[in-house]
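Every chain is named by a letter (A, B, C and D) in the order it is written, and numbering of its residues begins at 1.
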Amino acid sequence: MSATVPSPVVAAAPPGTSERRQRIVALLQARGAILVLVAAALAAGAAFPSFLHLGNLRDIATAASFLGLVTIGQCFVVILGGFDLSVGSMVGLGTVLAAYAAPYGTLGALLAPTVAGLLVGVVNGLLIVRARMAPFIVTLAGLLALKGLAVLLAGESLVIEQPGLFGRIANGNALGIGNLVLILLLCFGGAALLLNRTRFGAAVFAIGGNEEAARMLGVRVERVKILTYCLSGALAGLSGSLLAAHLSSGLSAAGTGYELQSIAAAVIGGVLLTGGVGTMGGALSGVLLLGLIENVINQIGSLSAAYQGLASGAFLLLAVIIQSGLSQQRTA
Amino acid sequence: MSGIVSGMPPGHASRPAEDRQPATTAPASPPGPAAPPPRRLGAAALRQNSVYIAFALLVAFDLLVTPGFRNPTVVRSLLFEAAPVILIALGQSLAIGTRGIDLSVGSVMALSSATIGLTMDLDQGLAIGAAVAVGLLCGILNGMLVAWLRIAPLISSLALLVAARGLAQAMLGGARVDMPFDGPLSTIGQLAPGGIPAVAMFSLLAALLFSFVVRRTVPGRYALFVGASRTAAVLAGHPVRATLGFVYGVSGLLAGIAGVFATARLGAADANYIGVQFELDAIAAAVIGGTPLSGGRISTLGTVFGVLLLVVLDASFIMNNVNANYAQMLKAAFIVGALFLRRGAA
Amino acid sequence: GTQATGDLVVQNQSSQSCTNASPAKGSLSGMLVGFSQSENEQNPFRAAETASVKAAAKKAGVSRLLYTNANDSQAKQVADIQSMIAQGAKAIIVAPLNATGLQPALEQAAAKNIPVVTIDRATAGQPCRDFITFLGSDFATQGKRAADAMAEATGGNAKILEIQGAYGNSVETERTDGFADGLKSHPGLTLVAAQTGNWSATDAQKVMEQLLLAHPDANALYSHADVMTLGAMRAIQQAGKKPGQDIKIVSIDGTKALVKAISKGEAQADIETNPRFGPQAFSALSDWFAGKPVAQKIIMKDALFDKNNAAEAIKSNATY
Amino acid sequence: MLLETRGLTKSFGAVRALRGVDFTLAAGEVHGLMGENGAGKSTLIKLLTGLNQPDGGEMLLDGRPASFNSPRDAQSAGVAAVYQEINLIPERSVADNLFLGREPRRFGLLVDRPRMLDQARDLLNRYRLEVDPRRILRTLGLGLQQLVSIARVVSLGARAVILDEPTSALSAAEVELLYGVVDRLRADGIGLIYVSHRLSECYRLCDRLTVLRDGTRVVTAPTAELPRNRLVAAMLGREPGEAHRPAPPASVAGTADRPPALAVEGLRWRNRVRDVSLRVGRGEIVGLAGLLGSGRTETFKAIYGAEAPEAGTVAIAGRPLRHPRPSDSIRRGLAFLSEDRRAEGVFSQLSVAENLTAAVLPRISRWGVISRRRRDEMVQRFVRELGVKTVGPDAPITSLSGGNQQKVLIARALCTEPTTVMLDDPTRGIDVGAKAEVHRVVRGLAENGLGVLVTSSELEEVVELSHRLVVLDEGRVSGEMSAEGQNPDAVLALLSGDPGTAEPGTAR
């Protein structure tokens, strides 16, 4: 969260070699999470024979898909230079709204939470942009309020009696890799396009890189910010909807902790909390890495909950240390 | 100290400024005490003091409406509640002042409590010391991650949040350890001369000391400089890493003490419930109180009142028997409202 | 009282049952069995539950018990169960986190003909297909018994503060409703305030302290869980009152700490929530594999601890 | 008139930055806007480009009233600016920066990268900037960043282009490049407002000059009718005194006879500082001369310990430092002023007093407690001696104009009581008056027995100020000469080898 010394690495004696080195390091930073992921997966596979089974890998990806969708939105917000702490509660509220809407049709069950998330994003965005309040606090209030609302609406949980098509959307198995995994990959692909190949994405990077400059360069900072929070809210809502479909239930406590986990996943994936830097591929690897850690703990099969906490904290730290080591290579 | 610049030909150094003074209306640095910029009452004052005003309004409301709030023991009860939160909110505001954040404080409280649980039987004084030391260690660890490995504080403290809670739970193995009815711990949990809890006095004294450290001492100022610009601080020769170590160390230390207070008050060492989500209240209190997340500024008094505001708010809901979910939503609205009043305040 | 050593601690069983259509030859011994716990074992109830399942597993001679803990996350519990299936578990015991939300995992188990025993909390699903049985307490009855115990402890006249579990939780709802139901037959008992303590000792302490300020005339406490009761008792002391005397206390769970308090007169009654599911769960599983009918719903026998049996229960180690 | 303002006023809190300014810009003219630090130049520009809104008065574009709510508004109306501080996105590529907000797209949706790169190359080529458009902007030097920024504005098709101190970060060669751009724009009928503290530039480029002082317009006149002395008088509000005429450097004895203040031997840092050895004697001003990108800044930082040098020794006042760190350097009596005021200098949330005393906290404190008295004494003294314009020591540093902020930073360096000071471009963005003061301060330091190592983005300044020049070429010391009697042009020729073959604006 501090300014980097803007004394950059520059051309080496034979022009080009340093640049190449820099590109490699930059690539490492963006892809570092993937390397760590692959290495960790191989290690886990060696230690636990059942780990590398296709079914298990699919389960990891499926379980990661909900956090994954949230992380996409969070990633945009963090690149923009903000935070969205309301996403976890929005997932919970999303499942509840989906459970209410499910009897009236699949489309409603998919759209209601997504639109609700969008509206939450509008509110977050307006408070941040118009009232100039810190995103951290605005969305922290969102975290509290949305959770309260979800519990009020549903108590602890609601059953979706006949999930039908809605359930199949989440639990079906298209192309043999599971719908949720497919949706996750599609969303990440779409998000990568949005981030890297549209004016909106360029504006998000610009604002995160230097908001004042972006404003002067004619970026509609307010609008882009609001839209970004909308995107984050909508994806959290969608994640809630799919989670409801997956579990045939509305659960007010669902998504608890996603706000910080998604930030952690993004950071592991090379997104800088200072804004302006990040890739979707990295974020996806970050999400999968978190899912892998959870799965490995299960493979050990006897770790008590307390040690699970200890282990995942330590893993998180390790991943971030490796990642930040890579990124300092670049900026040092 | 003899002037470096004044070694110039006499008269040269100071003349230009004086020469030009008549030509400018902006007074060029009058000697003597600084004239503060004219303070406009009204909107600006409201913004500057929103936390105090909100607190006063809330208390007035409670005195009028809330059953039992006029009972003087309310003060005692709420101050017991507030004491540990004030401590962690102070640490938090220091971290925020360096443009960081410390999410680990709640879990460190639990770890401190677990430490008491393990060592209480040997000697309570020792247990307290050990608990505080553990808090300090956690803080220093966090500080090293932030300062030397340059990990974003949000992330390092998040990892610590998860790990410290897990460690605390593992240490106590699930059991809650009740403390005996006498001894220093029990005294800490109950002593309230004149209806003011000793722990609250401690916290307020800590706040005074804290305020002094932040405003007047070298490490305190260093912390703010780091928050204002880390690069510039390095170039100005500040010991930036040590400062960050100090800052998170202080936060951990205060969380350790807060853990002792919470344990004493609960009457048991408990790894599961102590400090859950306290970090969020601490952050909210600091920010409502006028410590911006952008760093470089700390308001100690504001932070203390931010905590009191949240504690009284929670109590108002409970004492009026408001459904906890409405309470939570109202609290969120209140936080946004309080911050909204602050918006634009320097 | 209940014998802690007794293997099967069953109050009653439903008449409907499930039977394995194609009983396998294999027996439980040497089998890979999974146990999915829902939340961490800081809660004594969960600790006793896990210990009971682990002990029973050993006794049944399973090759290995796969243990997972969902740590309060529904999605994780589903993933946990799925990973057990992937690892080749042949039978699964689940302590569901929620009243719903396990459907995909249960379906996957059903597809592989893996019998699932749910314990403690009922979860949505079709009996005999999604799970072969549910073992647990009747929480509404617990609430009702608490009301009766309260009438007994206070002589039928009291102003009651209620500290509830997490709002909307099915256990909380049933204990709240059961208690309210029970109060109907005791017109002298009035409920003056009810607030959630979130199943947390510290939350309950804070809530109790502030409720006592707002309602200085309250003289009884009904708490949904012993952990919360312990916190609330502390608050009572700090308000300068004596738990058990100035404030009569009825609680639910039957943990050692509270039963001890009853024996010292600091609380009046505690309705047990029996966590010793292990033996019964494994017996249901072995019945299933043997092709014998298994009752769809098995209600555990919950003791009531009060001043008459508390001391003895502590001595005979009947509490957890 | 292309652009006109009438009675424009603007205040920031108590500061009245503009008080009724009338200003006109015709198509095809280059209109110089001059004035001391804090005169209101940047403020006027911020109003013209919609970044701030005026408190009173009106603006006319093509004779019609216009008001801009945002830079975007102004841009689409044809008014665009390159600001004093570079305002681009450092972590994005050159092409991204050039086309931000108007990226060429396919199907109206996806950015067409190949086309964008082509267009970027065209644009850069048109202005002879040989930069790979895929490069991350951050890795370019400040000067190149500035030129990219100008290229962007020009390519937006603005009719009125404002350049706010475009040359303060440019090397001499790049300035020539910029002149070419300006001349071309003028020929295209575009109106240019040109803000600079460099008088020679203004005389070289501008058709008319307007001088602002304390928020009011003092004079507007065709360049030819406004001789230098009148211009300076208008800016200062008085006749330029003796102080503003560059005094010849006091003649000094040879280096060998002086006790050493700073001695650097075989310094290396990455590939930016390859082999630097130099000596600064007590009482001596040594100028580090080099082209942009020759590694002057990195040399300073490596000496100071802000970057950890990989090889070499640094001795301050004869005592070698093994692993220099800024804190140690300061303690040993070495002070450093960074060229990048915004990112490496000011603490923007803090007051003037805090900024000024940032480097000496231990010295003005006892037992770790800061003495207010000693702090205020120190602040008052330096504010007076350097002539910092501020409403008071507790005013936020951001309320000062760029030049006054710079003076505060110089004061910060001086109050550590250094024996050697290193000043990296100390007069960047500073007005004539202040510049002369800084020069005087620097000479005063030397006369007081301090060693001074200085550089500037203006070669003349280094030559004029120094006793001796050390020439830096690609991170190596390539030569040394006495500065006395040197002609800047000759030095420049020496620096760039053959001036004809120098490749301005080439990033390698």
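Operating definition for what follows: a residue touches a chain if its C-beta (ideal position, glycine included) is under 8 Å from a C-beta of that chain, and two chains touch if they have at least 3 such contacts.
In this text the structure is predicted, and so the values were computed from the model without any measurement.
Among the remaining chains, the Cα-based centre furthest from that of subunit C is the centre of D.
Taking each chain's centre as the average of its CA atoms, subunit A and subunit D sit 42 Å apart. Rounded to whole angstrom units, the spacing between the C-alpha centres of subunit A and subunit C is 36.
Centre-to-centre separation between subunit A and subunit B, using Cα means, comes to 30 Å.
Each chain gets one centre point, the mean of its Cα atoms, and the points for subunit C and subunit D are 72 Å apart. Within subunit A, contacts with two or more other chains are made by residues 3, 5-6, 151, 304-306, 308-309. In subunit D, the residues that reach two or more other chains under the touch definition are 306, 343-344.
For subunit C, residues touching at least two other chains, in rising order: 40-42, 167.
Taken together, the touching pairs give a contact graph of some other shape, not a line, ring, star or complete one. Taken pair by pair, the chains that touch are A-B, A-C, A-D, B-C, B-D. Of all residues in subunit A, only 1-6, 127, 131-134, 136-138, 140-145, 147-149, 151-152, 260, 263-264, 267, 273, 304-314, 316-317, 320-321, 324-325, 328 touch subunit B in the complex they form. Residue ranges of subunit D in contact with subunit B, taken from their complex: 13-16, 38, 213-214, 236-238, 241, 243, 304, 306, 326-327, 329-331, 336, 338, 343-350, 353-354, 358-359, 361-362, 365, 368-370, 372, 376, 380-395, 412, 414-418, 433, 437, 440-441, 443-445, 447-448, 450. Of all the residues in subunit D, the ones that touch subunit A in their complex are 49, 51, 70-72, 75, 81, 83, 86-92, 96-97, 100-103, 105, 109-111, 113, 138-139, 152, 270-272, 293, 297-298, 301, 306-307, 340, 343-344, 507-508.
Here subunit B touches subunit A in the complex through residues 99-101, 103, 145, 149-156, 158-170, 173-174, 226, 229-231, 234, 271, 280, 283-284, 287-288, 292-295, 323-329, 331-333, 335-336, 339-340, 343-344, going by the rule given at the top. Only residues 37, 39-42, 64, 66-69, 71-76, 78-80, 82-84, 86-88, 98-104, 107, 124, 166-170, 172-173 of subunit C touch subunit A when the two sit together in their complex.
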